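Just so it is clear, A, B, C, D, E, F and G label the chains in written order, and each chain counts residues from 1 on its own.
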Amino acid sequence: MEILKYIGIGLVLLGSIFLLLGAVGIYRMPDVYNRLQAGTKATTLGAMSLILGVGFMEPEWLVKTLILVIFIGIANPLSSHVLARSAYKNNQMPIIKNGIDAYKKINDSEKSEEN
Amino acid sequence: MQTVSLLNRFIYTWVILFILWYAFTTSLEPAELITGGFVSLVVASFSYKVFTGSGLKIFMPHKLFFVAQYIFIFILALIKSNFDVARRVLSPSLPINPGIVEFNTKLTNDFAKMVLANSITLTPGTLTIDIVENTFYIHWIDVKSDNPEIAHTEIANNFEKLLLKIFN
Amino acid sequence: MELNYLYITVLVILSIAFIIGMLRFIKGPTASDRVVALDTISIIATASLVFMGYIFNRYIYLDVALIYGVLGFIGVIIIARYLEGAL
Amino acid sequence: MVISPVHYIAVPLLAAFVIPLFAKLNREFVRIIPGIVLLYLSYVSIVLMNQVSSTGTISEVLAGWAPPFGINLVFSAFSGFLASLMTFMGLVIWIYSYRFKKIDDEPALKFYVLFLMLITGAIGIVLTGDIFNLFVFLEIVGISAYSLTSFYRNRDGAEAGFKYLLLGAFASTLILLGIILLYSSIGTLNMADIAQKSHLIPTSLKVSIFILFVVGFGIEAEMFPLNGWAPDAYSQAPGPVGAAFSGIAVKAGMYVIIRLIYTLFDIEGSFQFLIVMGLITTIIAEVSAMKQTNLKRMLAYSSIGQMGIVMVAFGIGTREAIIAGLFLMLNHAIIKGLLFLSSSYLVYNDDNKLISSLSGLGKRLPLVSFLFALGAFAIVGLPPFSGFWSRLYLLLAAADKELIYLIAIILIIAVIEIVYYFRVINKLYFKDIKVKSDDVQKPSINAVISMSILGILIIAIGIYPDLVTSYLGNAADALLDKAGYIENVLVDINN
Amino acid sequence: MDFGQYQNIVTISVYGSAIALILIGLYAVLIKKNLIKIVIGLSLADAGIHLLFVAIGYLKGGTAPIFSPSVVGENVTMVDPVPQALVLTAIVIGFAVTAVALSLVIRLYKHHNTARIDQIKSLKW
Amino acid sequence: MKNIIVIALLLVVGFYLVDSFNYIKFGDNRLGAPSDEKTVGAYYLNNTVEKTGVANVITAIIVNYRGFDTLGEVTVLFLATTGLGSILYRRRKEGEHEERVTKESSYLLQTGSKILFPFVILLGIYVFIHGHLTPGGGFQGGAIVATGFLLMLIAYKNFKLGHNQLTWVESLAGITFVSIGMWGLITGGTFLENSFIPKGTLNSLFSGGIIPIIYIAVGFKVAAELTGVLDILLSIKPSKIKK
Amino acid sequence: MNTYFVVLLILFGGAIISFAINKVSYLLSGIVAFIATASATVFFYLNVDTDNFVQFSLAGFDFQWGLNSLSLLFTYIVLGLGTLATLYSIQYMRFKNNLGYFYFNFLLGIGSMMGILFSQDFISFFIFWEIMTWSSYLIVVYNGNKTHKIGIKYMIFSGIGAYAMLMSIVMIYADVKSFLIADYIDYISQVGLSGHYLQIILLIVGFGVKSALMPLHVWAPKAYANSPMGYTSLFSGALSKMGVYGLSIVLLSLLTNFNTGENVSLGGLFEGINAEFIRIIVQWLGAITAVMGTLYALKQNDAKKLLAYSSIAQLGYIITGLAIGTELAVMGALFLAVLHAIFKGALFMAMGAVERQAGTTDMTKISGLVRKMPFTFIVTLMSIIALAGIPPLGGFVGKWLLYEGMITSGHYFLVVLIFFSSTAAFLYCYRILFGIFLGQEEKETINVREAPISMLIPMLLLAILTMVFGTYPGLLFEPIANAMSYIGYNDVVWEMSTISNVWGDKVSLDYVSLTIFTVFIVAMIFLTIKNYKGTRYVTTKDISTSGEMPTENENLTFQLNFFQPFERAVAPLYKRSMDKIYNTIGESLDALFNFVRTIYTGNGQTYALYVIVFLVIMLIFKDSIFN
């Protein structure tokens, strides 16, 4: 069981580092969408890894930590999507370097329907 | 999809919820199990219609194999994507070239689409902004092409193939 | 005893992450940015709760973390929907 | 099942939870159930009051935990008197509001539930022996009151309700601060235990706690300058609710102030403080009442003025003064109740409730006008109506303590009251009729019964005050007996 | 945790920050004209109160007062459970009041077509 | 100017409050030795397990020692629902539909909500069923359940909330609470007395006598009430109200 | 059953019955009221017994009801006048609305006055006093519309008076621990007045309001003039006497024993007050009241108002007499008190008859009613003679005694004042007589008839009484002497029909009456014969001026500005109208009140700020508030 514990410690350390990375990501990136890009990936992995790590360190807790991990796996990207969509609907145009914005037409047509 | 019987969907929901209950309590005491069986029955009774359209068939062994396979490639992608994030975030120049692309999916199952969307969000450089009917709109941090086909291959292909196997 | 270093390391890292998240929350500049920060912070907090449970050796903290996670998630969704103008 | 004070709370709560279900069977249950409950509670009052007068204060332990570890209810001659009064007023007002015309079915459910809870909350405040529990009951009163105040959509109810809520929330904040400081300094929430231990708190801190409580509960008790909500709420709430506010809810707030001063804390100067605040409250309210054009608002200010006088009575602090204070409370409940109830019909069709719209209504609504006039006579203290005796008692108590200036002020205020009440009576009877007979709302039979009960009481007590004086004496003794209160509640601990 | 010589500073800063929250809330109630902001102010003040409750219950080194299997029989310090119980009640009540307040704001907005408190005074004098 | 006055006033209040806490040091051991029971809190910590069989002392306080408070608190919430219904009551036109959200949410959120809904509900119920063992309880559990419904309400434009069922749950839960209390009286004890159901063994689900039963009732009641409150608040759209 | 309870039961019960029975027939109300007063009167005088005291306890206080010679004297006024006034009202009030209401309050008034007279303790005294006040208020406003300001003014002053009395009563109770009037008198006689002046002054204020003592009189003229006349006769005749009754207790029982009282210094406001000082003040107030009342009476064009002011003046004499307190003065005052009830009662009834039959009592609008209403004229004539104090009618006796009393006790200046107003009274009385009954007939009054018989009977009875008491004042001297001996004036000397002064001058009233009466009868016969001859009458408005015809609505009657020259002479006196002072006070209070209520700004935020401000004040000053 020592092995599991060390794996756990590794996961916890890794997780915490990725969480920090996620935070740095949302701090450094230039707009909402890019912040979400960085934030979601890093925090999801970070949280899952840290929690799973705790599960390994305390094997009795494993089942419940798994539930948490699964929940975060579903909920976190989902919330990022909802945030991104809401930002777009709220007329926060993303930084587009190459002029490619396929979503704009959808949004515009919805807007015109409303009016 | 609509051919799955209500009973089938109900039992599926019940089972999932019971498992969940066990996860919450992590106890095998009869009191807990009985209570859990009853509570998950009650919750299932008013939520099974929304919870699932496909029912029990996901428990078939070969599908479970695909599920495992999916999880494996997903975790790989996730780790990869995090290193990608690390590279971009920590690099002083913030190397990004963002844009929003679209592509169509062959998936029909709601849950499958959601898993795909979440997977896309968690894999390198992409973020699902919306799904309208069968079209995915993806914020791509480093746009390679605005061609939907190319976008599809680049972003979703691996996952989609497995998901088709699991949900059909 | 060697675990103490782990505790301190992890807690320090999480604290820094938390503070950076707060900085974004304070900076904004738009409401959406703040919600993104909030989302991140709530994930960090959830993870921290689990780790605190480990430190204090109280299994019940997992429940707290789970509840916190759920409420944080739904909270973010609500704000997002509000910003979208749907409420 | 033995009848005990907890019935006052449990039975109405049960009813409140049952009403929505029974409403699905038959809408009429919504109206009837509160009446049955209040009738039952009146029976409980009679039984318990008898029990108290023979065996002394009843301290009921809840959940099997002796105080201070559990919450307890104290039904003494003092708190029991107030609880019984509230129950009785509740019953009378229920009779009045049964068939309250403008309420159709859906809001009726809410109305009766909120009304019943308003009374229950007030009774809870009076009976509970635990300061935090008291806060909970205060919030029950509060939420019911805010909602009832803004019940009508065609008035400025929401405005009144919001102001009430704003000040109510301030009150909650201050009270909770007080509770926090109190618990952290002596580690108990039981009022008897606090009374026993409050001398352990450093004086400066004790006074701070006391101030927080007084300001918080003073808002409910309509103490100036904390009473900005009151005229608005009284005038905008439906008629029976206005009666319930003045007859029931305010009494609860006043009760707490009294308990704080008499039982919980032993702070020098608090009695004089109460006298001064009472006087300021009365003077400003009565002066404002004099200048009102809106009948309900006038009654509201008058009500505040009366509560100020009650404060003065309890500030004097002698047994006679307490009897006077209790008598004033009783009279205020009955008389103001009658005034609010009858005024509802007088200004029924005038959304602005203007006094000037009453011209000649005495002809169109003879009975209602008569009852209003009776109430007005009684409230200004004319004999042979009940209001006379309470004022006399108060004056005698003041004279006994040689507070001559107090007597003078109270009597000057009485003259002011005469002016504005008689102005209304003049309008009713001695002005040309403006209203067509179709335009007035004739009182329904239940309203007539309800108002008549109050009217008869006013005359009966006026002619034979001994109907109530012995109860008042017992109540005053119970209030003054701080040691007895502590001993009764903490019987298991101290022995 | 022992604060030793810093006891006073810790005391003032912990209670002070909760009290500051209360005062900020009250400030909003007294100054902000927008009804919604006033309601938010009330909630802030409430939050400060709740914090204060938790703070007075805290005991150096105390954990949650739950005798779960891992602590039964061990010598653990637990925080005072009473404020924790009270704060739960206070939170629920605060929520109820806030909900009613919001509903009143909605009614007021509908009636007066404004959410400015200084313009809603048809009842006066 | 007014700002400055208000700030000055509040600072005075703040000063006196902070000053008051001078007597009460943060983290000080006011609980005292277990034997002298300087606060009621100490008594609870020392006696709860033995006398109630409940592991979570806070729960024991909320449901039993101070159960009467909780009854009042449940009532406050009940009144808030009732009050809201009364304050915002509006006669519906024939066939008029209740609209809580003005825009349909994304397909993805809808799908996610479907999956998370039973999960959240189950979590809530778990929390209030284990209120006597874990940090949860009726209020927290009820709130989580209500949040589950809230998720559905904001994700779907036309989510059908069974108002009848809510009423039933609410009423029955309330009736259960009061009836259990009255049962204590009827059996010759006190209101809410925890005597007629065995205490069970510590830390097992069936322990604590009436405490978990009441807390479950509270959970259902809170869930129904909060859901009702949220529903009413969501269905009012001040932005769209025409005078 | 006890006499007192039965009397009150009859009166109050009658009140309720006549209120209820109004629904059956409007006439019945009045009849019931009359029966009630009459039977109460009969029952009372059959069972009257001054030694009969009833004690009972209510609300923790001891009550005592009984009669003494002084109160017995006043019962004659109340019951006698009450019975006649109810009889009078049956016809007078016929065809009016709300008769149930009217008689209810009427009987309540009579009952409560009886209650006052029965009360041997302050508290029942006060209770009946208040019932009397509000029931009379309700009648003052009976005529509606224009009367409500009069009513409010009446109620305010009554309130001030009553509460002054109440304040005094509670202070007395705090000292004596008893409400019994006798106990208080004992107490004062033992401990002296020192420290109790405020109580006395407040009592005087209380009684002063009801007896319209300057400067508390401003409510009275309009209240008297605007009530239904049937009631005004009682109002001015009996109700105001309750004030006199109270004052006689204060001035005679409480203060007389301290005539030589030490000059106790109370400091401040009451510096230098002693019993004598109070009495002097009251004497002067009474005299000034008399003068002011007279002056205002002169100014009136409406007979009712004139009589109202005259009542005030008369009450002034009475109070002055009581305040002087010598045997003769008191006797005169009490004699006048009874007589005033009789002749003023009769006069108001007569004016009521005129108003009912001719539609107005404005002397500028009607005249020459003597032929239409001869009995009313006779009643008026006799009452006015009595009022003016001319022999042989009762007023003369009263004034004689009063002057005697004042002169013998050395109050010369007061005599001058009283004499002035007495003389002026003759002037204004003449004016009523001439303005309404004599002179030419107006065409507006062509169809006027004599009042119904049931109204005439009480008027005539009263008129006859003035004559009887004028001729045989001893009939009244007996109860007055009893009353005075009860108060403490021993050996009051009186004779049946002779009055005398200290210098031994005697007037035998028999002969005076007989002589004057004979002359009077002869004159009447002569006048009647003369009238019979059918002189041509020209109305006052039928005048031809040189070339210019006055229009109909231009009032040219000589009644207008009757006393203009006189008025000009005393104009400065009129300027200092108490009314104006009170109005100024009222307006300033009004402005103040209006300011105070703006505290309630209507802004919820302001109210919240008040809370914080209050909290801060409390916290900052907590050490000084809660030391």
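In the analysis below, a residue touches a chain if its C-beta (ideal position, glycine included) is under 8 Å from a C-beta of that chain, and two chains touch if they have at least 3 such contacts.
If you're wondering where the values come from, they're calculated on a predicted model, not measured in any experiment.
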Using only Cα atoms to place each chain's centre, name the chain farthest from chain A. G
Report the chain whose CA-based centre is farthest from the CA-based centre of chain C. G
Tell me which has more C-beta contacts between its two chains, E-G or A-F. E-G
Can you name the chain whose C-alpha mean lies closest to the mean of all the C-alpha atoms? D
Rounded to the nearest Å, the gap between Cα centres of chain D and chain F is 30
CA centre of chain A versus CA centre of chain E: separation in Å? 31
Between chain G and chain D, distance of the C-alpha-averaged centres to the nearest whole Å: 44
Rounded to the nearest Å, the gap separating the Cα centres of chain C and chain F is 24
Interface hub residues of chain F, defined as touching at least two other chains: 6, 10, 13, 16-17, 21, 24, 30-31, 39-42, 44, 66, 69, 73, 76, 79-80, 83-84, 87, 103, 105-106, 108-109, 112, 115-116, 119, 123, 130, 134-135
Find every residue in chain D that makes contact with two or more other chains and list them. 132, 136, 139, 143, 146-147, 150, 153, 158, 161-163, 166, 170, 177, 183-184, 189, 208, 231-232, 288, 291-292
Residue list for chain G, restricted to those that touch at least two other chains: 597, 600, 602, 604-605, 608-609, 612-613, 615, 619
Which chains touch? The pairs are A-B, A-C, A-F, B-F, C-E, C-F, D-E, D-F, D-G, E-F, E-G, F-G
Contact footprint of chain E on chain G as seen in their complex: 597-598, 600-605, 608-609, 612
Chain D-touching residues of chain G, taken from the complex the two chains share: 58-60, 123, 126-127, 130-131, 133-134, 137, 141-142, 144-145, 147-148, 151-152, 155-156, 159-160, 163-164, 166-167, 170-171, 173-174, 198, 590, 592-594, 596-597, 599-600, 602, 604-608, 610-611, 613-615, 618-619, 622-623, 625-627
Which residues of chain C touch chain F once you look at their complex with the stated criterion? 60, 63-64, 66-67, 70-71, 73-74, 77-78, 81, 84-87
Chain G partner contacts - residues on chain E that touch it in the complex: 26, 29-30, 33, 38, 117-118, 120-125
What residues of chain F sit close enough to touch chain G in their complex? 6, 9-10, 12-13, 16
